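I have placed the structure first, in the form of C-alpha cells, so that the comments after it can refer back to it.
Letters A, B, C and D name the chains as they come in the text, with residue numbers starting at 1 for each one.
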Amino acid sequence: MSLDTTARLLISCADGPGIVAAVSNFLFHHGANITALDQYSTDPEGGRFFMRLEFQTPHLDLSRALLYQSFQDTVAARYNMDWTVSFARDRKKMAILVSKYDHVLNELLWRWSREDIEADITMVISNHSDLKNTVENFQVPFYHIPVSALNKEDVEKEILTLLDGRADLVVLARYMQILSEDFVSRYENKIINIHHSFLPAFVGANPYLQALERGVKVIGATAHYVTKELDMGPIINQDVVHVSHRDTVGNLKEKGRNVERNVLAQAVGWHLEDRIIVTGNKTIVFS
Amino acid sequence: MSLDTTARLLISCADGPGIVAAVSNFLFHHGANITALDQYSTDPEGGRFFMRLEFQTPHLDLSRALLYQSFQDTVAARYNMDWTVSFARDRKKMAILVSKYDHVLNELLWRWSREDIEADITMVISNHSDLKNTVENFQVPFYHIPVSALNKEDVEKEILTLLDGRADLVVLARYMQILSEDFVSRYENKIINIHHSFLPAFVGANPYLQALERGVKVIGATAHYVTKELDMGPIINQDVVHVSHRDTVGNLKEKGRNVERNVLAQAVGWHLEDRIIVTGNKTIVFS
Amino acid sequence: MSLDTTARLLISCADGPGIVAAVSNFLFHHGANITALDQYSTDPEGGRFFMRLEFQTPHLDLSRALLYQSFQDTVAARYNMDWTVSFARDRKKMAILVSKYDHVLNELLWRWSREDIEADITMVISNHSDLKNTVENFQVPFYHIPVSALNKEDVEKEILTLLDGRADLVVLARYMQILSEDFVSRYENKIINIHHSFLPAFVGANPYLQALERGVKVIGATAHYVTKELDMGPIINQDVVHVSHRDTVGNLKEKGRNVERNVLAQAVGWHLEDRIIVTGNKTIVFS
Amino acid sequence: MSLDTTARLLISCADGPGIVAAVSNFLFHHGANITALDQYSTDPEGGRFFMRLEFQTPHLDLSRALLYQSFQDTVAARYNMDWTVSFARDRKKMAILVSKYDHVLNELLWRWSREDIEADITMVISNHSDLKNTVENFQVPFYHIPVSALNKEDVEKEILTLLDGRADLVVLARYMQILSEDFVSRYENKIINIHHSFLPAFVGANPYLQALERGVKVIGATAHYVTKELDMGPIINQDVVHVSHRDTVGNLKEKGRNVERNVLAQAVGWHLEDRIIVTGNKTIVFS
C-alpha cells in the first residue's frame, strides 16, 4: 500500500439506512479499492453517522475533479453529508507557531526529519528569536515576528500572510499568545494546541507549583483543536504521567514536557492521516 | 442500540474490489442498518481482507435461516469468505476451567455478576474442590473432576460431555492441566488461556523467582487462544506492570495476578462481542 | 523478614542536622535492625523532614511501653517530632462503608481473602441491604443502617458506636453519604475515599455523561483522605484509563469502576503498611 | 538544595545491626546534612544491605581526601562495604557511541541541551558519518571511526584512547557493534545499552517482522549495563507500548523507537544521579 496511491474519505451525516452501501458502491464502480474502513454511529435511529475510509487509486476511472463532483452529486447530496477526500500524495503543509519552549517543536522536527510525520513543514513562526538556529538546522524557514501589546493585530495579519496557501495545519507548539477569534475562524479545526492538564484542575498562575502544593499523583497533557474559547476546543488526545512527593517543580515541568510532546505529536499524526472528525465540540478519532 | 436487536458479522477472505459494497448492499436491501464497521486489509493486491460489522435487525426482512442461506449464496460464495454472524440476543455460553488459583475466576464471576460480561456462565469445572463455595455463591454450577496421571483421558471425556451444547467459549482461568490435541481441536479458537509473560522469557520452574533474581523491571501477562502447541496460540491481549527490586516473589505474584485478571477479562469481553478474527497464528482484534 | 517481627516508624519534624543519626542510634542501641528506610526532606535549611523506617524486633531490648516512652524522651522530644510506631503483628482493624455499588467493596474483600490486604476487616456498614450476601459470604459482619433526611445524626452516632475500638481505618467504598465534620474529625487521616476524576473536571450531575459529551480521552480516579471539605483532602493515589468516542456512558462507567477499584485498593494497602505521612493537605507516600 | 552542595553515597554490604547508625553518625559528626535516604535489605539475617544517601556539604568539616580516608577507616572497613561517594558539582563525563539510528542520540542531546541531563557530553563516536551534523549542531565533538571486519581491534583501541579520562559513562545509543570482553571490563557497570524487547522473545533477524507475524500486542525496550554476555547484563529500566494488527513493520519500529528513547534516557538519568547499585546480575534502582 503505497502512500502515493492512498486516498482517504471522511464522512459525517445523519444516520440512516444504506449509507455504507451507497459509498462503497460508488467507490467500487469507479475502480477504487477500499483498504481500511472505520464506521461509527451514535444511534441507528436519529443518530449521527461517521466514517473514515482509505482506498487505493491505481484503477480509479475518474479525475479528481470528476471524483469530487460525482461523489457530491450522486452520494453526498442524497445524505446531506459533510465530507472531505484527501490524497496522501498531496502532503499537507504544516506551519508551527512557537514561543521559547522548544520541547514540542523539537519533537515535531525530529519525527518529521525521520519521516514519521506525513507532512511538509513549511515554516516555524515565533515571537522570539531563540529557536532560530534549532529550526534552521532542519532546513526549515524561521520567521521571527515579535509581539507587543500594541501590535497584536498587525502580527496576526503578518502571520496570516505567511500562512496563506502554505498551511493546511497550524500547530501551536507552546505558542504563548492568544489568537483572535478572527484568526481562529479562518483555520477552523486546523489549529492544534497542547496544554498541561491536572487532576484536579488549577486556575491561575504557576499550576505546577499549585500541583506540587496539592500533592497530585499524576500530571497530564491535552491536545485539542483551537476554538474561540481558550483551551475549550475539541479534545484530540490526552495522557498522564505519574509523579510523587519527590518531584520538585522542576521535575514536574520536565515530566510535563515529556507528556506534552508525545500527546501533541500523536494528535498531529492523527490529523495528518485524516483520522479525526470534529462533531460539535468533540472529536471522533479513528486511530 | 439495544443488544436485543444487534447482530455482528465477521468476515475474512482474499482481498479484492467490491467486497464492502457487496456486503453492505446485501444488508441494506434486507433492511439491516449498519451501526459499526471496522475493516482492515493486509494488502490491496493479493492481501487478505478482514471486516467486523454490527447491524440492527428490527427491519430485517429475512428469517435467520434465510439470512444465512442468502448471504452464503449471494455474497460469501462469490468471495470465498470465512464468515460468521451472531446475534447479541443469543448470549454465548461460557464454561470456565480452573484449578486452585481463584484470581482470574473471581474477576470473571464479578464482572459477570455486574453484567459487564455479555455471556451466560454455564459451569465452572475444577480438578480441585477448593473453589466450590466461591462459585456456588454466584449461583453457578460447580463440577469437581479430580485429575490423576492415570485418568487424564477419562477426565477429558467427562469434561467434554459436560461442555457439550453448553459452551461456546471455554476459559482456562489458571487451569493447570494440559489439554489434549483432540480436546483442543474440538474447540478451535474457542478456548482462551492466560499465562504470565516476562521480558526476557524464563523457561523452567518458578519463573517469578527467576524474574526476581534477574531483576526485571516489568512483568506481564498474555491471553491467547489455545492450540495444540502449548502457550503458542494466537495472542489476543497483553499487558505489563512495573516492578522493582523491592518486590518479593510474593509481591511479584500479587502484581502478576492483577495483570492476569485484567488481561484475560478484556480478552474474554472481546471474544464475546465478536471482536476477534483469527488468521494463521495471529488475531485481528477490532477493539 | 516475618511480618510478626516487623515494626514501622513514621516521623515528620522540622529538618535539621543529626536526625537520622539520632533515630538510628536509638534503634541500634536497643537491638532493632533497620531493614528499610526512606527519607525525604523538602529543604535542608528550614524545610521539613519525613522518614519511614522498617525494623525487626527479635532482639529489641525494650517492651513496647518502654519503647514509646524512651523514644519520646530521648529522641522525639529533642526534635519536636510527630511520630508513630506500629507493629505489623497488630493487624489494623478496617471497616468499610458502602452504599449500592459493589465494585470497590468486592476488590477489597477479594484481596483481603487472598491475604493481599494486611488488615482485619471487622465490618461492612451500608445504608442499603443489597450487599448483605456478598459480604457475609466472606464471613464479614454486615450492618444495614438506612439513612433518611431525618435520621442522619442518629445514623452517624450508630456508626460511630459500631466503629468504636474496631476501626483503625475506615474505607468509603463508594459510600454515597456525606460524613459530618464531627465524624471526620474523630478519624483524622483515617478515612479513605475514592472518587472519579476527569480532565477537565466536571461539576454537577452525571459527570460521565458530561465526559462523554465533552469527548474526553482519559478518565481517572483519586483516592484521598477525607477532610471536612468534600473531596478536597490529601491525595493518596491517582490513575487514569484511556477512553474513546466508542465508549458509551455504560462503558465509561465500567472503565471508571475498574480504575477506581485499583486506585483505592493500592491506597488502602499503602495506608495499612504505614507508607503514608500526611503533611498539610498533601501526602508523602513511601511506596 | 543546590546541586553544587549535594553529595551522594552509595553503599552495599552484608546486612547486620548498626549500619545506618554508623553511617549517619559519621556524616552528622562531620557536618553533613542528610536530605534523602533510601535503604533496602534483602534479608535482616544473612541478607545484603543497600543504601543511597544524599547529603549537603556546606558545613562539611573534611576535605574530600580526608572524607574518603576517614569514612573508609572508621565505617566502611568495619562493615566491609562496597561504597562510592560522588559530588553533584563534579558533573560526570558522558560519551555516546552510535551507528546510524538517531532517535536515542537525539533524545539524549535534546534532554542535555535542556539541562535535564546532569552530565557533560564529551563526545559522540560513530562508525558512520551520517550523524556528524546532528551532533555538531549541539556543539559536541563528533568522531567518525569506521569499522570493518579487519580493524575491529584497532577501532576499539582508538575509541579507548578517546574515552580515556573523558568518560565516566558510555552510552550505546544504538551502536551496532559488539564490544570486546576487554573493552567491557574496563568500563564495568559504566556502559549502558538499549535494546528492543518482545513478549515472547524472538531470536534471529528482523524481530519486528517476527513480532508482526506473531501478532504481539505489546513491544518493549530494555536498558541495561553491558557485560561480556551480549544483552544479558543487569537490567536498569524496561517499558512497553501497546500495538495492534494495524501496525505495519514501519509503525512497530516507530513505536519501538519511541519507547527505546524514553527507557534509555530515564536509565541514563538514574545512573548520573547515582541511583543505581549493581548487585550480582541485577540492579537496585533507588528512583
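Just so it is clear, a contact is a pair of C-beta atoms (placed from the backbone, for glycine too) under 8 Å apart; a residue touches a chain by one contact, two chains touch by 3 or more.
Keep in mind that what you see is a predicted model, and the values were worked out from it rather than measured.
Asker: What's the chain with its C-alpha centre farthest out from subunit D?
Answerer: The most distant chain relative to subunit D turns out to be B.
Asker: Any idea whether A-D or A-B has more C-beta pairs in contact?
Answerer: A-B
Asker: Please report how many Å separate the Cα centroid of subunit B from that of subunit D, as a whole number.
Answerer: About 42 Å separates the centre of subunit B from that of subunit D.
Asker: Which whole number of Å gives the spacing of the CA centres of subunit A and subunit B?
Answerer: 36
Asker: Multi-chain contacts in subunit C: which residues touch at least two other chains?
Answerer: 36, 40, 246, in rising order.
Asker: Which residues, counting only subunit B, touch subunit C once they are in their complex?
Answerer: Against subunit C, the touching part of subunit B is residues 36, 102-103, 106, 110, 114, 116, 133, 137, 246, 254, 257-258, 262.
Asker: Give every residue of subunit B touching subunit A within the complex, in rising order.
Answerer: Within the complex, subunit B touches subunit A at residues 1, 15-21, 24-25, 27-28, 31, 33-41, 43-44, 51, 56, 59.
Asker: Using the touch rule from the top, collect the residues of subunit D that touch subunit B in their complex.
Answerer: 40, 197-201, 213-218, 220, 222, 234-240, 242, 244-246, 280-285, 287
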